[in-house]
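Across the two complexes that follow, subunit A remains constant while its partner is subunit B and subsequently subunit C.
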Partner chain A sequence: MRGTFLAAAIFIALGVIAQGFWFPADARISLEKCTLCHGKPEFRKILVDGKIRDLFATADSLKGSVHEKKTCVDCHFDVSEIPHRQRPQRVTCTHCHYKGNAEGAPQSDAYLEYFGSVHGNAIAGGNTKAPLCQDCHGNHSIRKTKDPTSEVSRGNVAETCGRCHIEIYAVYKTSIHGVAVSQGIPEAPSCTGCHGEHKIYAHKDPKSTVFATHVAAQCSTCHGSVSIMSKYGIEAEQVTTYQNSFHGVASGFGSRTVANCASCHGVHDIRPSEDPRSMVNPKNIPATCGKCHPGANPNFAVGKMHVDSHSKESGIIYYTAQFFKYLTIGTMLALIAHIFLDMYGRTRRLRGDK
Partner chain B sequence: MSANDKKESKQDTLEREVESVVDEETAGLDPAEAGRIREKVRARVLEEVERERRIRTAAERRAEERRRREEKRRERLHEEGEMFERFNRNFRFQHIVMFTSVIILVITGMPIKFPEFVLSRFLVNMWGGIHNATIVHRIGAGMLIYFMVHHLFYTVFSRQGRRDFILLIPTPKDARDAVQNVRHFLGKTGEKPRFGRFSYIEKFDYWAVYWGCVIMIGSGVFLWGEEIVLKFFPKYVLDVAHEMHSDEAMLATLAIVIWHFYNVHFNPDRFPGTLMWWHGQISEHEMKEEHPLEYEEIMAKRSKQKTAEVPNP
Partner chain C sequence: MGEEPRSPVTVERMSVLFRVQHILLMVSLLVLAVTGFALMFHDNWLAAAVIRLEGGVLYRGIIHRSAAVFLMAQLVYHAFYMLCSREGKRELREVWLTRRDFDDFFLAMRFNLGMDSKYPRFGRYGYKEKFQYWGATTGVFLISVTGIILWAETFSMRYLPKVVLDLTLIVHGYQGLLAFVILLFWHLYIVHLHPSVFPMNRAWLTGRVDAEWLRQEHPAEYEKLKGEGVI
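Right after this comes the complex of A and B.
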């Protein structure tokens, strides 16, 4: 009796282990089962609002993606019988993508940043239109960021964001940064370059990288770097001249009303100042400055904006600074010399020598 | 014992006096009514006596204090001689307004020039942010402008102001004094230069403040009304004003902190500072030491007055 039980137990255990070896075949079977329906190109559903949901998915859907080796039920794990009776839930990526998972999924805390972001909060707040992971990274065709065909690659991410943020995308596409990205300039910023990747916040949120007091720092990550800017003939000193100006100093002290880079240069519609549509084109400067300084007139555009008193090109400002520099040095040297002579005289008289 | 007796007798006298007053007050009334209000009247009289006593002690305390102060002063006078008034009340008031405004301007303005300095953030946050700091800076600016206007009026309309202004104009003697002073420091000559009412050091201070006020107020007014200025001038005019304001602020602050502080605070003769800005007095000793020509002038004037007063025999 006991021997029989043991034999049965070993047999079952062997069977369980053996299943592991046959798993790939099993997966193929599972895929074939799904593609019975989903493999038909015309397999789609017409929703109540008239939209068509394409439900076509074959073995090719995952080809080239990072999930090439996965099967349907690895993600659609709530499908336990075929045909499934109800619509499967939206895929939850955190099923595998968490720190310490056994699946071998990339381990990082970056995913967690999403939950605090404006998108994650919108989802938590019940907004069904807010994006989940798959809305940006793609459904079946998830590829690594470095892969140029990935939906979140440098060249494609703006289009991906633009699927929802369509108006901003249209503005950005014609801006200097949008044009540069489409020309394939490697340093040019796409949406994520300024807004961040997973931790995107509303621009009114102090945590945001594009919050009023953070804009200057965000722009200067590229525009403050001489090695990047010199490649494209752009001056890197604009950052320091801004930081030394009253606008920059007040912004550094936490003023949210004072002008930052974006206040004058625009947000998504940044263009070079030669462009007549640019906010900093001399023709448009009265309107741009007038946003904060009512009654601004063309006088605002006379003279350099980013003034550096240390460079000779600043003309009269440079000479004023030089005059005061030498006046201060001269006066202070004379005064300090007088003080030290006075102290020397006192010491000498204290010692008693005449 | 005797002290106690004295107290007792004093108490008795007081009691008797009170009784007599009460009697006087109730004299015109019939005995029954007088008996009724007697206590009330008595209480009122005692209250009055008490108040009188308090007032007298307060007055006495004040008198005592005055006496002590006078004594102290006389003691010092013994050392230092007579006290002369160097700065009149008006001038002292101007100086107080000026240094208050300058302190306000420096602590609200310098953080903008040196935002990375450790104290800057504290000095800005102290007012509740940069916006408030700019408002405080404009209050300081208003005080400095008031001081400048006040001083111009003082120079033109006050006799003392006119006299001081003329004495403050630099003369060739100041250059000679400076050279002699340096020679004195170096031990080349034993004689200190003999200064008048204002030494070349004080003249420098005065004209430095004049120059500073003109530059700072001039450029500051431009920056204050930038929107109006830009209606008439191009932007680089404002940039020049900004540069001047920033650089002259540095020069003025350094001059005050190094030069003026040394001369009135850290100088071994003065440390830790004189109170002349408050009382305006200078002792005879200091007068002879630092302004011998002025001292002689005053003495000469006095003796002339005396001879004029003495009638011919």
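Right after this comes the complex of A and C.
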């Protein structure tokens, strides 16, 4: 009996040692073990709020993604027991994506800007609905931005943002920019084009790219570029004409109440002025201008709004400005001429006086 | 010339009331010029600095319009004063533009160019003073009209075509620039650089000028005062 017990003890001890010899200290769980459960398509969990959490993941889940060569525990590193005694934590991307990491995982300061963003702050404030990296970039199917199938590619990012920002997405989708993106126009802005990528701030935050005093500059990154606008037959002078208008000057000097591009053209619902739903359609001009100028009437829509007095195309405005310019210069020269002429004449007069 | 001993006899050329009007006019025009040109040339760093100094575009506008209201009030007061008061009526007769002033101007130009041997004999006000006075008065009136159109922007946009507002903005700015240029150069000459008054004719502060200066520059007025026994 005693001998049997000893033998059993030695056997168990050897087994433990052997296990320690064959597997490294941080016991790695092989893919096969994970897929024992996670490989079943019906493997899912019903959460307390009634939502279904799909837990199906196989070797194919990572195929084509940037993490193709990784295994489950590379990211789910807190999983060491099967079945999991504790619920596995959400994956922390910064486990690898930090500066100087040994894995060679891409890293830039842009990623860190997330932590100061409206999303990063919401997470830090305990909002469990706020997005982490994987909510936008995808879980297993993370692909490079340039890859059209990526969740954050130009064509897909609006839909990705729209998973949470549903109403804005619905409005944006039918706007001139939304339509242009879906048509594959490469310069057309998706959400990130105006709001930024990782450093997205609330529009009331002065750091935001779409803060009242930053809107004009943000729109002008494309609309001020003749090389982009000329491709689509859009005038690029709208930017300078705005900047030289009362609205633009006030905005340039920090006024937050004065009209910026979005005040008149809309935010997510920007449409060409021919569109009857456009805020700058002549029919809607009284209402649009009336937001700030109570009493605006249809006469507000008469005439061209963005006028450049330095451009010959402005006709009478240009020629009036030119006339006054030369009139002023001419007057100045005539006055100076008169001064010298009169002084010269005076010396003659005084000589005659004597 | 400067070295000649001047007669200590002086005569009044600007009454206290006119000196006060002149100084108030000067102050409001300067405020309007500084605030107005800052907006007109907002791209310029100095203009930007001025706008910031004035507390931003909102306060720039408030200061500009306050000075404008003050200026318009002065214009109305001045019109009434010139038309109704005894001193005003007398001055208005003196400063009234006549055919002779234009003749004087051309005669002076011909003389200065050496094409004529006679120089006009000016009365109390020569063409230099008169042109400036009427130029400034009509200028203030016209710039007030364009300024009010721009001030009442919602009203103007309701009833005027947009192109009229665009033109008004251009005209208002250039009217101001033109008035500023004329006042600057004309004053620079007849109050400062003119050899008979250099470095400054102090009549706008003291109200008085030397009788000798009057004899040289406004001989007709000198003789008239002499005839009246003032000198």
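The rule is short, and it goes like this: the second predicted complex is superposed on the first by the 301 of 354 C-alpha atoms of A that agree within 3 Å, B and C clash if a C-alpha of one lies under 4 Å from a C-alpha of the other, contacts with A are read in each partner's own complex, and residues count from 1 in each chain.
In this section, a residue touches a chain if its C-beta (ideal position, glycine included) is under 8 Å from a C-beta of that chain, and two chains touch if they have at least 3 such contacts.
Remember, predicted model here, so these are calculated numbers, not experimental data.
In the superposition on chain A, no contact is made by A:Thr149 with either subunit B or subunit C. By the document's definition of touching, both partners, subunit B and subunit C, reach A:Gly345.
After overlaying the two complexes on the shared chain, residue contacts for A:Met332 are found with subunit B and with subunit C alike. Comparing which residues of subunit A touch subunit B with which touch subunit C, the overlap comprises 246, 249-250, 252-255, 258, 293-297, 299-300, 302-305, 307, 309, 314, 316-317, 320-321, 324-325, 327-328, 331-332, 335-336, 338-339, 341-342, 344-346, 348, 353. Taken together, the subunit C residues at the contact with subunit A in this complex read 1, 39, 42, 48, 51-52, 56-58, 108-109, 111-114, 117, 119, 153-155, 157-163, 166-167, 170-171, 174, 177-178, 181-182, 185-186, 188-189, 193-196, 216.
Subunit A contributes residues 246, 249-250, 252-255, 257-258, 293-297, 299-305, 307, 309, 314-317, 320-321, 324-325, 327-328, 331-332, 335-336, 338-339, 341-342, 344-346, 348, 353-354 to its touches with subunit B in the complex.
Across the interface of their complex, subunit A is touched by residues 111-112, 115, 121, 124, 129-131, 133, 182, 184-187, 190, 226-227, 230-236, 239-240, 242-244, 247-248, 250-251, 254-255, 258-259, 262, 267-268 of subunit B. Taken together, the subunit A residues at the contact with subunit C in this complex read 244, 246, 249-250, 252-255, 258, 289, 293-297, 299-300, 302-305, 307, 309, 314, 316-317, 320-321, 324-325, 327-328, 331-332, 335-336, 338-339, 341-346, 348-350, 352-353.
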